[in-house]
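In what follows, chain A forms one complex with chain B and a second complex with chain C.
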Partner chain A sequence: MDTNDSLRVASLWHSMHAISQQLSPTTGCSEIELLEADTFDLHIFQSLTGTKLFVVCEPGTQHMEALLKVIYELYTDYVLNNPFYETKIPIRCELFDINLTQAIQKDRVALLGR
Partner chain B sequence: MQFFGGSEISPSPPTPTTTTGNNAHMIYIFNRNGVCLLYREWNRPLHTLNPQQDHKLMFGLLFSLKSLASKMDPTSADKGNLGVPQLPGQGCSFHSFRTNTYKLSFMETPSGIKFILVTNPRTSDLRETLKYIYNLYVEYVAKNPLYTPGTPMR
Partner chain C sequence: MIGTGKIKQYANVLDKPLGKGKQEVSLSAFAFLFSELVQYNQTQVDNISELETRLEDAGYAVGARVLELLCHRDKGNRRETRLLGILSFVHSTVWKVLFGKVADSLEKGTEHEDEYMISEKELLVNRFISIPKDMGTFHCGAFVAGIVKGVLENAGFPAVVTAHFVPVEGQQRPRTTILIKFAEEVLRREARLG
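Up next, the complex of A and B:
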(Lines of atoms letter the chains of each structure in order from A and count residues from 1; the text may use other names and numbers.)
(Lines give C-alpha, C1' and ligand atoms only; values in the text may rest on other atoms or scores of the structure.)
Protein backbone atom coordinates (compact mmCIF):
# COMPACT_ATOMS: atom_id res chain seq x y z
CA MET A 1 0.00 0.00 0.00
CA ASP A 2 1.71 3.16 -1.15
CA THR A 3 1.49 6.69 0.23
CA ASN A 4 -1.48 7.73 -1.89
CA ASP A 5 -3.48 4.77 -0.70
CA SER A 6 -2.57 5.54 2.88
CA LEU A 7 -3.86 9.07 2.45
CA ARG A 8 -7.06 7.80 0.90
CA VAL A 9 -7.59 5.32 3.69
CA ALA A 10 -6.93 7.99 6.28
CA SER A 11 -9.43 10.44 4.84
CA LEU A 12 -12.01 7.70 4.35
CA TRP A 13 -11.53 6.68 7.93
CA HIS A 14 -12.02 10.21 9.20
CA SER A 15 -15.42 10.49 7.54
CA MET A 16 -16.53 7.07 8.64
CA HIS A 17 -15.54 7.79 12.17
CA ALA A 18 -17.77 10.86 12.16
CA ILE A 19 -20.67 8.96 10.58
CA SER A 20 -20.40 6.14 13.08
CA GLN A 21 -20.72 8.67 15.88
CA GLN A 22 -23.87 10.07 14.28
CA LEU A 23 -25.45 6.64 14.01
CA SER A 24 -24.91 5.72 17.63
CA PRO A 25 -28.11 4.74 19.43
CA THR A 26 -27.02 6.32 22.69
CA THR A 27 -25.08 9.39 23.65
CA GLY A 28 -21.41 9.47 24.46
CA CYS A 29 -20.01 7.55 21.54
CA SER A 30 -16.33 8.30 21.17
CA GLU A 31 -14.77 6.23 18.39
CA ILE A 32 -14.58 2.91 16.60
CA GLU A 33 -12.21 0.75 18.61
CA LEU A 34 -12.18 -2.48 16.67
CA LEU A 35 -13.14 -3.60 13.17
CA GLU A 36 -13.40 -7.34 12.66
CA ALA A 37 -13.16 -8.78 9.17
CA ASP A 38 -12.79 -12.30 7.84
CA THR A 39 -9.03 -12.39 7.58
CA PHE A 40 -7.86 -9.63 9.91
CA ASP A 41 -8.76 -7.43 12.86
CA LEU A 42 -8.10 -3.72 12.92
CA HIS A 43 -7.54 -2.07 16.29
CA ILE A 44 -7.66 1.69 16.64
CA PHE A 45 -6.34 3.82 19.43
CA GLN A 46 -7.10 7.51 19.60
CA SER A 47 -5.11 9.77 21.87
CA LEU A 48 -6.45 12.89 23.54
CA THR A 49 -4.75 15.00 20.89
CA GLY A 50 -6.57 13.20 18.10
CA THR A 51 -3.68 11.10 16.86
CA LYS A 52 -4.98 7.74 15.72
CA LEU A 53 -2.97 4.55 15.78
CA PHE A 54 -4.07 1.65 13.58
CA VAL A 55 -2.91 -1.93 14.03
CA VAL A 56 -3.86 -4.76 11.68
CA CYS A 57 -3.55 -8.20 13.24
CA GLU A 58 -4.75 -11.80 13.07
CA PRO A 59 -8.40 -12.32 13.93
CA GLY A 60 -8.91 -12.81 17.63
CA THR A 61 -5.61 -11.48 18.90
CA GLN A 62 -5.84 -10.49 22.53
CA HIS A 63 -4.28 -7.62 24.44
CA MET A 64 -3.94 -5.26 21.52
CA GLU A 65 -4.96 -2.27 23.59
CA ALA A 66 -1.86 -2.64 25.73
CA LEU A 67 0.32 -2.87 22.63
CA LEU A 68 -1.32 0.22 21.18
CA LYS A 69 -0.61 2.15 24.35
CA VAL A 70 3.02 1.03 24.28
CA ILE A 71 3.35 2.18 20.69
CA TYR A 72 1.80 5.50 21.61
CA GLU A 73 4.38 5.94 24.34
CA LEU A 74 7.16 5.18 21.87
CA TYR A 75 5.65 7.70 19.50
CA THR A 76 5.66 10.43 22.12
CA ASP A 77 9.16 9.56 23.27
CA TYR A 78 10.93 9.36 19.92
CA VAL A 79 8.90 11.30 17.45
CA LEU A 80 7.43 14.20 19.34
CA ASN A 81 10.48 14.82 21.46
CA ASN A 82 12.62 14.95 18.36
CA PRO A 83 13.43 18.64 17.77
CA PHE A 84 13.76 18.11 14.02
CA TYR A 85 10.33 16.61 13.61
CA GLU A 86 7.67 18.77 11.99
CA THR A 87 4.05 17.79 12.35
CA LYS A 88 2.10 16.44 9.41
CA ILE A 89 5.03 14.88 7.63
CA PRO A 90 5.67 11.15 7.51
CA ILE A 91 7.76 9.86 10.37
CA ARG A 92 11.37 9.11 9.44
CA CYS A 93 12.96 8.42 12.77
CA GLU A 94 15.34 5.49 13.05
CA LEU A 95 15.15 5.11 16.81
CA PHE A 96 11.37 5.00 16.62
CA ASP A 97 11.49 2.25 13.98
CA ILE A 98 13.99 0.19 15.96
CA ASN A 99 12.03 0.41 19.17
CA LEU A 100 8.79 -0.25 17.38
CA THR A 101 10.05 -3.48 15.85
CA GLN A 102 11.48 -4.47 19.22
CA ALA A 103 8.13 -3.90 20.93
CA ILE A 104 6.31 -5.97 18.33
CA GLN A 105 8.86 -8.79 18.52
CA LYS A 106 8.49 -8.84 22.29
CA ASP A 107 4.75 -8.96 21.95
CA ARG A 108 4.92 -11.75 19.40
CA VAL A 109 7.26 -13.80 21.56
CA ALA A 110 5.02 -13.28 24.55
CA LEU A 111 1.99 -14.39 22.58
CA LEU A 112 3.68 -17.50 21.18
CA GLY A 113 5.06 -18.39 24.58
CA ARG A 114 1.62 -18.47 26.15
CA MET B 1 -36.89 -9.79 19.57
CA GLN B 2 -40.23 -10.19 17.95
CA PHE B 3 -38.88 -12.62 15.33
CA PHE B 4 -38.13 -15.33 17.82
CA GLY B 5 -41.67 -16.54 18.38
CA GLY B 6 -41.75 -20.35 17.88
CA SER B 7 -42.08 -21.47 14.28
CA GLU B 8 -41.55 -25.06 13.33
CA ILE B 9 -40.12 -24.64 9.83
CA SER B 10 -37.22 -22.36 10.77
CA PRO B 11 -34.03 -23.75 12.27
CA SER B 12 -33.72 -23.30 16.00
CA PRO B 13 -32.34 -19.93 17.08
CA PRO B 14 -28.83 -19.78 18.54
CA THR B 15 -28.73 -19.68 22.33
CA PRO B 16 -28.48 -16.09 23.50
CA THR B 17 -25.24 -15.28 25.31
CA THR B 18 -26.12 -12.57 27.81
CA THR B 19 -29.82 -12.21 28.37
CA THR B 20 -30.17 -9.41 30.83
CA GLY B 21 -33.16 -7.77 29.24
CA ASN B 22 -33.04 -6.78 25.63
CA ASN B 23 -29.68 -6.92 23.91
CA ALA B 24 -30.38 -5.37 20.57
CA HIS B 25 -30.82 -1.69 19.84
CA MET B 26 -31.76 -1.64 16.16
CA ILE B 27 -31.87 -3.75 13.05
CA TYR B 28 -31.58 -2.65 9.42
CA ILE B 29 -32.00 -4.71 6.28
CA PHE B 30 -30.90 -3.21 2.94
CA ASN B 31 -31.08 -4.58 -0.54
CA ARG B 32 -28.43 -4.24 -3.22
CA ASN B 33 -29.56 -0.78 -4.33
CA GLY B 34 -29.61 0.77 -0.89
CA VAL B 35 -33.35 0.58 -0.35
CA CYS B 36 -34.01 -0.04 3.32
CA LEU B 37 -36.26 -3.06 3.44
CA LEU B 38 -36.65 -3.19 7.18
CA TYR B 39 -35.79 -1.00 10.12
CA ARG B 40 -36.81 -1.84 13.67
CA GLU B 41 -35.63 -0.27 16.86
CA TRP B 42 -36.12 -1.52 20.36
CA ASN B 43 -33.89 0.70 22.39
CA ARG B 44 -32.67 3.92 20.91
CA PRO B 45 -32.53 6.85 23.30
CA LEU B 46 -30.75 9.16 20.85
CA HIS B 47 -32.07 10.17 17.44
CA THR B 48 -29.74 12.47 15.59
CA LEU B 49 -31.23 12.43 12.08
CA ASN B 50 -34.52 11.84 10.36
CA PRO B 51 -35.01 8.22 9.23
CA GLN B 52 -34.24 8.78 5.52
CA GLN B 53 -30.89 10.36 6.20
CA ASP B 54 -30.19 7.75 8.81
CA HIS B 55 -30.70 4.92 6.29
CA LYS B 56 -28.59 6.64 3.67
CA LEU B 57 -25.78 7.26 6.11
CA MET B 58 -25.84 3.69 7.32
CA PHE B 59 -25.73 2.31 3.79
CA GLY B 60 -22.92 4.65 2.81
CA LEU B 61 -20.94 3.83 5.90
CA LEU B 62 -21.14 0.12 5.22
CA PHE B 63 -20.22 0.52 1.59
CA SER B 64 -17.09 2.47 2.50
CA LEU B 65 -16.14 0.12 5.30
CA LYS B 66 -16.37 -2.84 2.98
CA SER B 67 -14.10 -1.29 0.41
CA LEU B 68 -11.71 -0.22 3.18
CA ALA B 69 -11.59 -3.75 4.56
CA SER B 70 -10.81 -5.27 1.19
CA LYS B 71 -8.11 -2.66 0.62
CA MET B 72 -6.45 -3.21 3.99
CA ASP B 73 -6.60 -6.97 3.78
CA PRO B 74 -3.06 -8.23 4.40
CA THR B 75 -3.60 -11.69 3.02
CA SER B 76 -4.65 -11.18 -0.57
CA ALA B 77 -2.78 -9.63 -3.50
CA ASP B 78 -3.29 -6.01 -4.46
CA LYS B 79 -6.71 -5.17 -5.78
CA GLY B 80 -8.59 -2.23 -7.17
CA ASN B 81 -8.71 1.19 -5.61
CA LEU B 82 -11.00 2.42 -2.90
CA GLY B 83 -14.40 3.29 -4.21
CA VAL B 84 -14.59 0.48 -6.73
CA PRO B 85 -17.70 -1.51 -5.81
CA GLN B 86 -16.93 -5.04 -4.71
CA LEU B 87 -19.25 -7.87 -5.58
CA PRO B 88 -20.69 -9.63 -2.55
CA GLY B 89 -18.39 -12.48 -1.64
CA GLN B 90 -15.39 -11.13 -3.54
CA GLY B 91 -12.49 -10.03 -1.39
CA CYS B 92 -12.49 -9.77 2.34
CA SER B 93 -15.47 -8.21 4.05
CA PHE B 94 -15.72 -7.07 7.63
CA HIS B 95 -18.37 -8.62 9.85
CA SER B 96 -18.53 -6.29 12.82
CA PHE B 97 -17.14 -3.19 14.43
CA ARG B 98 -17.32 -1.95 17.97
CA THR B 99 -17.29 1.43 19.61
CA ASN B 100 -17.56 2.21 23.28
CA THR B 101 -21.37 2.56 23.13
CA TYR B 102 -22.49 0.01 20.53
CA LYS B 103 -21.46 -2.92 18.42
CA LEU B 104 -22.56 -3.23 14.83
CA SER B 105 -22.73 -6.67 13.19
CA PHE B 106 -23.03 -6.97 9.45
CA MET B 107 -23.70 -9.79 7.02
CA GLU B 108 -24.10 -9.65 3.27
CA THR B 109 -25.70 -12.44 1.29
CA PRO B 110 -24.62 -13.34 -2.25
CA SER B 111 -27.78 -11.70 -3.56
CA GLY B 112 -26.71 -8.38 -2.08
CA ILE B 113 -29.08 -8.28 0.89
CA LYS B 114 -27.35 -6.70 3.86
CA PHE B 115 -28.29 -7.40 7.47
CA ILE B 116 -27.17 -5.01 10.15
CA LEU B 117 -27.68 -5.44 13.87
CA VAL B 118 -26.75 -2.77 16.41
CA THR B 119 -26.35 -4.12 19.94
CA ASN B 120 -24.56 -3.29 23.15
CA PRO B 121 -20.78 -3.52 22.98
CA ARG B 122 -20.34 -6.64 25.07
CA THR B 123 -22.14 -8.92 22.61
CA SER B 124 -20.13 -11.79 21.23
CA ASP B 125 -19.99 -12.81 17.58
CA LEU B 126 -23.42 -12.47 16.04
CA ARG B 127 -22.87 -14.06 12.64
CA GLU B 128 -25.01 -17.06 13.53
CA THR B 129 -27.82 -14.79 14.62
CA LEU B 130 -27.63 -12.90 11.35
CA LYS B 131 -27.71 -16.17 9.40
CA TYR B 132 -30.80 -17.16 11.34
CA ILE B 133 -32.46 -13.86 10.48
CA TYR B 134 -31.56 -14.39 6.85
CA ASN B 135 -33.25 -17.80 6.95
CA LEU B 136 -36.35 -16.20 8.39
CA TYR B 137 -36.21 -13.61 5.63
CA VAL B 138 -36.00 -16.32 2.97
CA GLU B 139 -38.77 -18.31 4.55
CA TYR B 140 -41.32 -15.60 5.08
CA VAL B 141 -40.46 -12.74 2.81
CA ALA B 142 -38.76 -14.07 -0.30
CA LYS B 143 -41.22 -16.91 -0.63
CA ASN B 144 -44.20 -14.67 -0.08
CA PRO B 145 -46.05 -14.42 -3.41
CA LEU B 146 -47.45 -11.01 -2.53
CA TYR B 147 -44.08 -9.42 -1.87
CA THR B 148 -42.42 -7.36 -4.60
CA PRO B 149 -38.63 -7.34 -4.22
CA GLY B 150 -37.15 -3.91 -3.65
CA THR B 151 -39.97 -2.51 -1.56
CA PRO B 152 -39.99 -2.13 2.21
CA MET B 153 -41.34 -5.16 4.02
CA ARG B 154 -44.57 -5.12 5.95
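Up next, the complex of A and C:
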Protein backbone atom coordinates (compact mmCIF):
# COMPACT_ATOMS: atom_id res chain seq x y z
CA MET A 1 0.00 0.00 0.00
CA ASP A 2 1.49 3.29 -0.92
CA THR A 3 0.89 6.63 0.78
CA ASN A 4 -2.17 7.59 -1.24
CA ASP A 5 -3.89 4.30 -0.57
CA SER A 6 -3.19 4.58 3.14
CA LEU A 7 -4.65 8.09 3.21
CA ARG A 8 -7.73 6.84 1.39
CA VAL A 9 -8.26 3.97 3.81
CA ALA A 10 -7.73 6.30 6.76
CA SER A 11 -10.29 8.86 5.67
CA LEU A 12 -12.80 6.15 4.72
CA TRP A 13 -12.34 4.53 8.05
CA HIS A 14 -12.73 7.74 10.01
CA SER A 15 -16.18 8.38 8.57
CA MET A 16 -17.26 4.74 8.95
CA HIS A 17 -16.19 4.81 12.56
CA ALA A 18 -18.27 7.89 13.30
CA ILE A 19 -21.33 6.39 11.59
CA SER A 20 -20.95 3.01 13.30
CA GLN A 21 -20.96 4.65 16.71
CA GLN A 22 -24.43 5.98 16.01
CA LEU A 23 -25.77 2.85 14.36
CA SER A 24 -24.60 0.26 16.84
CA PRO A 25 -27.38 -2.15 17.98
CA THR A 26 -25.78 -2.84 21.40
CA THR A 27 -25.76 -0.05 23.93
CA GLY A 28 -22.52 1.23 25.34
CA CYS A 29 -20.55 0.30 22.27
CA SER A 30 -17.76 2.72 21.54
CA GLU A 31 -16.03 1.68 18.34
CA ILE A 32 -15.33 -0.93 15.71
CA GLU A 33 -12.48 -3.15 16.81
CA LEU A 34 -12.30 -5.77 14.11
CA LEU A 35 -13.42 -6.07 10.52
CA GLU A 36 -13.36 -9.58 9.11
CA ALA A 37 -13.40 -10.09 5.36
CA ASP A 38 -12.61 -13.01 3.09
CA THR A 39 -9.02 -12.21 2.29
CA PHE A 40 -8.00 -10.00 5.22
CA ASP A 41 -8.70 -8.88 8.79
CA LEU A 42 -8.57 -5.25 9.88
CA HIS A 43 -7.84 -4.59 13.56
CA ILE A 44 -8.25 -1.14 15.07
CA PHE A 45 -6.86 0.36 18.22
CA GLN A 46 -8.10 3.70 19.47
CA SER A 47 -6.05 5.61 22.01
CA LEU A 48 -7.45 7.84 24.74
CA THR A 49 -6.70 10.85 22.57
CA GLY A 50 -8.65 9.54 19.59
CA THR A 51 -5.66 8.50 17.50
CA LYS A 52 -6.54 5.36 15.59
CA LEU A 53 -4.05 2.70 14.58
CA PHE A 54 -5.03 -0.08 12.25
CA VAL A 55 -3.41 -3.25 11.06
CA VAL A 56 -4.38 -5.21 7.95
CA CYS A 57 -3.49 -8.87 8.31
CA GLU A 58 -4.32 -12.37 7.12
CA PRO A 59 -7.60 -13.76 8.38
CA GLY A 60 -7.36 -15.44 11.74
CA THR A 61 -4.12 -13.88 12.96
CA GLN A 62 -3.93 -13.86 16.74
CA HIS A 63 -2.71 -11.26 19.23
CA MET A 64 -3.13 -8.27 17.04
CA GLU A 65 -4.32 -6.13 19.96
CA ALA A 66 -1.04 -6.65 21.77
CA LEU A 67 0.86 -5.74 18.60
CA LEU A 68 -1.24 -2.61 18.19
CA LYS A 69 -0.46 -1.55 21.75
CA VAL A 70 3.26 -2.04 21.10
CA ILE A 71 3.02 0.01 17.92
CA TYR A 72 1.22 2.76 19.82
CA GLU A 73 4.09 2.86 22.31
CA LEU A 74 6.60 3.10 19.46
CA TYR A 75 4.55 5.89 17.93
CA THR A 76 4.60 7.96 21.12
CA ASP A 77 8.31 7.34 21.65
CA TYR A 78 9.77 7.86 18.21
CA VAL A 79 7.32 10.03 16.37
CA LEU A 80 6.01 12.42 18.98
CA ASN A 81 9.40 13.01 20.58
CA ASN A 82 10.95 13.80 17.22
CA PRO A 83 11.39 17.57 16.82
CA PHE A 84 11.33 17.25 13.04
CA TYR A 85 7.94 15.63 12.82
CA GLU A 86 5.04 17.89 11.94
CA THR A 87 1.57 16.68 12.78
CA LYS A 88 -0.81 15.61 10.01
CA ILE A 89 1.89 14.74 7.48
CA PRO A 90 2.81 11.12 6.69
CA ILE A 91 5.36 9.76 9.14
CA ARG A 92 8.90 9.67 7.81
CA CYS A 93 10.94 8.93 10.94
CA GLU A 94 13.81 6.51 10.46
CA LEU A 95 13.85 5.24 14.04
CA PHE A 96 10.11 4.61 13.97
CA ASP A 97 10.42 2.55 10.78
CA ILE A 98 13.35 0.50 12.10
CA ASN A 99 11.63 -0.31 15.36
CA LEU A 100 8.34 -1.02 13.65
CA THR A 101 9.87 -3.62 11.32
CA GLN A 102 11.66 -5.15 14.30
CA ALA A 103 8.43 -5.41 16.29
CA ILE A 104 6.63 -7.05 13.38
CA GLN A 105 9.49 -9.48 12.77
CA LYS A 106 9.50 -10.44 16.42
CA ASP A 107 5.77 -10.98 16.28
CA ARG A 108 6.06 -13.09 13.15
CA VAL A 109 8.77 -15.26 14.68
CA ALA A 110 6.71 -15.75 17.81
CA LEU A 111 3.67 -16.77 15.78
CA LEU A 112 5.58 -19.21 13.59
CA GLY A 113 7.35 -20.70 16.56
CA ARG A 114 4.10 -21.63 18.22
CA MET B 1 4.99 11.80 75.45
CA ILE B 2 6.42 9.38 72.89
CA GLY B 3 9.86 10.53 71.85
CA THR B 4 9.60 13.06 69.08
CA GLY B 5 12.36 12.87 66.52
CA LYS B 6 14.78 15.72 66.77
CA ILE B 7 15.28 17.44 63.46
CA LYS B 8 18.03 19.98 63.61
CA GLN B 9 16.51 23.32 62.83
CA TYR B 10 18.77 25.63 60.97
CA ALA B 11 18.46 29.26 61.89
CA ASN B 12 19.62 30.36 58.50
CA VAL B 13 18.43 28.57 55.37
CA LEU B 14 21.90 29.06 53.90
CA ASP B 15 23.35 26.78 56.58
CA LYS B 16 21.26 23.79 55.55
CA PRO B 17 23.41 21.14 53.91
CA LEU B 18 22.97 20.77 50.15
CA GLY B 19 21.04 17.60 49.51
CA LYS B 20 21.99 15.33 46.64
CA GLY B 21 18.53 15.75 45.20
CA LYS B 22 16.53 13.23 43.19
CA GLN B 23 18.89 11.22 41.05
CA GLU B 24 16.44 10.25 38.35
CA VAL B 25 14.34 12.20 35.90
CA SER B 26 11.75 10.74 33.56
CA LEU B 27 13.28 10.01 30.15
CA SER B 28 10.08 10.82 28.29
CA ALA B 29 9.80 14.17 30.03
CA PHE B 30 13.35 15.04 29.07
CA ALA B 31 12.91 13.83 25.48
CA PHE B 32 9.79 15.94 25.14
CA LEU B 33 11.49 19.02 26.60
CA PHE B 34 14.52 18.60 24.35
CA SER B 35 12.32 18.14 21.30
CA GLU B 36 10.52 21.39 22.14
CA LEU B 37 13.88 23.13 22.60
CA VAL B 38 14.95 22.07 19.11
CA GLN B 39 11.62 23.04 17.59
CA TYR B 40 11.65 26.46 19.25
CA ASN B 41 15.14 27.17 17.99
CA GLN B 42 14.18 26.04 14.50
CA THR B 43 11.63 28.83 14.30
CA GLN B 44 14.22 31.43 15.28
CA VAL B 45 17.02 30.64 12.82
CA ASP B 46 17.50 30.68 9.07
CA ASN B 47 19.92 27.82 8.53
CA ILE B 48 21.30 24.68 10.05
CA SER B 49 24.61 25.98 11.35
CA GLU B 50 22.81 28.68 13.31
CA LEU B 51 20.58 26.02 14.83
CA GLU B 52 23.64 24.06 15.88
CA THR B 53 25.18 27.20 17.39
CA ARG B 54 22.03 27.85 19.39
CA LEU B 55 21.93 24.33 20.76
CA GLU B 56 25.60 24.63 21.66
CA ASP B 57 24.96 27.84 23.56
CA ALA B 58 22.15 26.19 25.48
CA GLY B 59 24.51 23.35 26.37
CA TYR B 60 27.27 25.78 27.35
CA ALA B 61 25.14 27.20 30.15
CA VAL B 62 24.43 23.69 31.42
CA GLY B 63 28.13 22.77 31.27
CA ALA B 64 29.21 25.78 33.31
CA ARG B 65 26.76 24.94 36.08
CA VAL B 66 27.52 21.23 36.04
CA LEU B 67 31.22 21.95 36.50
CA GLU B 68 30.62 24.08 39.59
CA LEU B 69 28.21 21.59 41.09
CA LEU B 70 30.40 18.55 40.52
CA CYS B 71 33.54 20.25 41.76
CA HIS B 72 31.77 20.96 44.99
CA ARG B 73 29.95 17.65 45.37
CA ASP B 74 32.19 14.97 44.01
CA LYS B 75 35.68 16.34 44.03
CA GLY B 76 35.76 18.19 47.30
CA ASN B 77 36.51 21.58 45.79
CA ARG B 78 39.72 20.48 44.06
CA ARG B 79 40.19 21.54 40.50
CA GLU B 80 41.86 19.83 37.60
CA THR B 81 44.97 21.38 36.11
CA ARG B 82 46.09 18.65 33.72
CA LEU B 83 44.60 17.89 30.33
CA LEU B 84 44.11 14.17 30.87
CA GLY B 85 42.64 14.88 34.26
CA ILE B 86 39.94 17.16 32.95
CA LEU B 87 39.22 14.84 30.02
CA SER B 88 38.71 11.82 32.22
CA PHE B 89 36.60 13.98 34.52
CA VAL B 90 34.32 14.84 31.61
CA HIS B 91 34.35 11.30 30.29
CA SER B 92 33.39 9.61 33.55
CA THR B 93 32.01 11.93 36.23
CA VAL B 94 30.11 14.39 34.06
CA TRP B 95 28.68 11.67 31.83
CA LYS B 96 27.69 9.60 34.85
CA VAL B 97 25.81 12.47 36.44
CA LEU B 98 24.10 13.61 33.25
CA PHE B 99 23.40 10.36 31.44
CA GLY B 100 23.66 7.69 34.12
CA LYS B 101 26.64 5.92 32.58
CA VAL B 102 30.25 6.49 31.66
CA ALA B 103 30.91 7.50 28.05
CA ASP B 104 31.81 4.65 25.72
CA SER B 105 35.34 5.69 24.89
CA LEU B 106 37.89 8.47 25.04
CA GLU B 107 40.51 8.59 22.29
CA LYS B 108 43.34 10.81 21.27
CA GLY B 109 43.25 12.03 17.69
CA THR B 110 45.92 10.59 15.45
CA GLU B 111 46.20 13.41 12.97
CA HIS B 112 46.58 16.39 15.27
CA GLU B 113 48.11 16.78 18.70
CA ASP B 114 45.30 18.90 20.03
CA GLU B 115 42.33 16.68 19.14
CA TYR B 116 40.55 14.28 21.44
CA MET B 117 37.36 12.32 20.86
CA ILE B 118 34.67 11.04 23.16
CA SER B 119 32.49 8.55 21.37
CA GLU B 120 29.18 7.01 22.24
CA LYS B 121 27.04 4.45 20.48
CA GLU B 122 23.94 6.60 20.88
CA LEU B 123 23.66 9.84 22.79
CA LEU B 124 20.79 9.91 25.23
CA VAL B 125 19.49 13.16 23.79
CA ASN B 126 19.33 11.60 20.32
CA ARG B 127 17.56 8.43 21.33
CA PHE B 128 14.15 9.28 19.95
CA ILE B 129 15.21 11.70 17.24
CA SER B 130 15.38 10.74 13.58
CA ILE B 131 16.97 13.43 11.46
CA PRO B 132 15.25 13.89 8.08
CA LYS B 133 17.49 13.37 5.05
CA ASP B 134 17.28 16.96 3.91
CA MET B 135 18.93 18.26 7.07
CA GLY B 136 22.22 16.74 6.00
CA THR B 137 24.93 16.91 8.62
CA PHE B 138 22.90 18.41 11.42
CA HIS B 139 23.42 16.73 14.78
CA CYS B 140 21.30 17.28 17.88
CA GLY B 141 24.37 16.24 19.83
CA ALA B 142 25.46 19.85 19.41
CA PHE B 143 23.72 20.30 22.76
CA VAL B 144 26.05 17.78 24.41
CA ALA B 145 29.01 19.32 22.60
CA GLY B 146 27.98 22.61 24.20
CA ILE B 147 27.89 21.00 27.64
CA VAL B 148 31.42 19.66 27.18
CA LYS B 149 32.58 23.06 25.91
CA GLY B 150 31.02 24.75 28.96
CA VAL B 151 32.81 22.40 31.33
CA LEU B 152 36.17 22.68 29.60
CA GLU B 153 36.15 26.41 29.11
CA ASN B 154 35.14 27.19 32.66
CA ALA B 155 37.79 24.83 33.96
CA GLY B 156 40.43 26.82 32.10
CA PHE B 157 40.87 24.66 28.99
CA PRO B 158 39.41 26.63 26.09
CA ALA B 159 38.42 24.36 23.22
CA VAL B 160 36.25 24.02 20.14
CA VAL B 161 33.86 21.13 20.54
CA THR B 162 31.69 19.61 17.82
CA ALA B 163 29.52 16.52 17.43
CA HIS B 164 29.72 14.21 14.41
CA PHE B 165 28.15 11.06 13.12
CA VAL B 166 30.65 8.35 12.27
CA PRO B 167 29.20 5.48 10.23
CA VAL B 168 30.12 2.05 11.52
CA GLU B 169 29.87 -1.13 9.47
CA GLY B 170 27.51 -3.70 10.81
CA GLN B 171 25.34 -1.14 12.54
CA GLN B 172 22.43 0.68 11.03
CA ARG B 173 22.82 3.80 13.11
CA PRO B 174 26.14 5.65 13.03
CA ARG B 175 28.13 6.21 16.21
CA THR B 176 28.32 9.70 17.64
CA THR B 177 31.70 11.30 18.25
CA ILE B 178 32.31 14.50 20.18
CA LEU B 179 35.44 16.07 18.77
CA ILE B 180 37.39 18.32 21.16
CA LYS B 181 40.04 20.61 19.72
CA PHE B 182 42.00 22.43 22.37
CA ALA B 183 43.34 25.95 21.94
CA GLU B 184 47.06 26.67 21.50
CA GLU B 185 47.59 27.99 25.00
CA VAL B 186 46.31 24.80 26.57
CA LEU B 187 48.91 22.73 24.74
CA ARG B 188 51.68 25.16 25.58
CA ARG B 189 50.73 25.13 29.24
CA GLU B 190 50.56 21.35 29.21
CA ALA B 191 54.01 21.11 27.63
CA ARG B 192 55.38 23.50 30.28
CA LEU B 193 53.93 21.47 33.09
CA GLY B 194 55.72 18.45 31.72
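In the analysis below, the second predicted complex is superposed on the first by the 111 of 114 C-alpha atoms of A that agree within 3 Å, B and C clash if a C-alpha of one lies under 4 Å from a C-alpha of the other, contacts with A are read in each partner's own complex, and residues count from 1 in each chain.
Quick note on the criterion: a residue touches a chain if its C-beta (ideal position, glycine included) is under 8 Å from a C-beta of that chain, and two chains touch if they have at least 3 such contacts.
None of these values were measured; they are calculated from a predicted model.
A.B. asks: With chain A superposed, do chain B and chain C clash or fit?
C.D. replies: Aligned through their shared chain, the two binders fit side by side on chain A.
A.B. asks: What is the value, to the nearest 10 degrees, of the angle subtended at the Cα centroid of chain A by the Cα centroids of chain B and chain C?
C.D. replies: 170
A.B. asks: Determine, under the contact definition given at the top, whether A:T49 touches first (chain B), second (chain C), both, or neither.
C.D. replies: neither
A.B. asks: One more residue to check, A:T3. First (chain B), second (chain C), both or neither?
C.D. replies: So A:T3 meets neither chain B nor chain C here.
A.B. asks: Applying the touch criterion given at the start, work out whether A:S15 contacts chain B, chain C, both or neither, answering first, second, both or neither.
C.D. replies: So A:S15 only meets chain B here.
A.B. asks: Quick one: classify A:C93 as touching chain B (first), chain C (second), both or neither.
C.D. replies: second
A.B. asks: When the two structures are overlaid on chain A, which partner does A:P83 contact: first (chain B), second (chain C), both, or neither?
C.D. replies: After superposition on chain A, A:P83 lies in contact with chain C alone.
A.B. asks: Determine, for the superposed model, which of the two partners chain B and chain C contacts more residues of chain A.
C.D. replies: So, of the two partners, B touches more residues of chain A.
A.B. asks: Can you work out, in whole Å, how close the C-alpha atoms of chain B and chain C get once everything is superposed?
C.D. replies: Minimum over all C-alpha pairs of chain B and chain C: 29 Å.
A.B. asks: If I apply the document's touch criterion, which positions on chain A are contacted by chain B in one structure and by chain C in the other?
C.D. replies: Common interface on chain A, chain B vs chain C: nothing in common.
A.B. asks: Looking at the complex, which residues from chain B come into contact with chain A?
C.D. replies: 25-26, 41, 43-46, 48-49, 54, 57-58, 60-61, 64-65, 68-69, 71-76, 81-82, 92-102, 104, 118
A.B. asks: Within the complex, which stretch of chain A touches chain B?
C.D. replies: 1, 5, 8-9, 12-13, 15-16, 19-40, 42, 56
A.B. asks: How about chain A: which of its residues touch chain C in the complex?
C.D. replies: Against chain C, chain A makes touches at 77-78, 80-84, 92-96, 98.
A.B. asks: Under the stated contact criterion, what part of chain C meets chain A in this complex?
C.D. replies: The touching residues are 28, 31-32, 34-39, 42, 128-132, 135, 140, 172.
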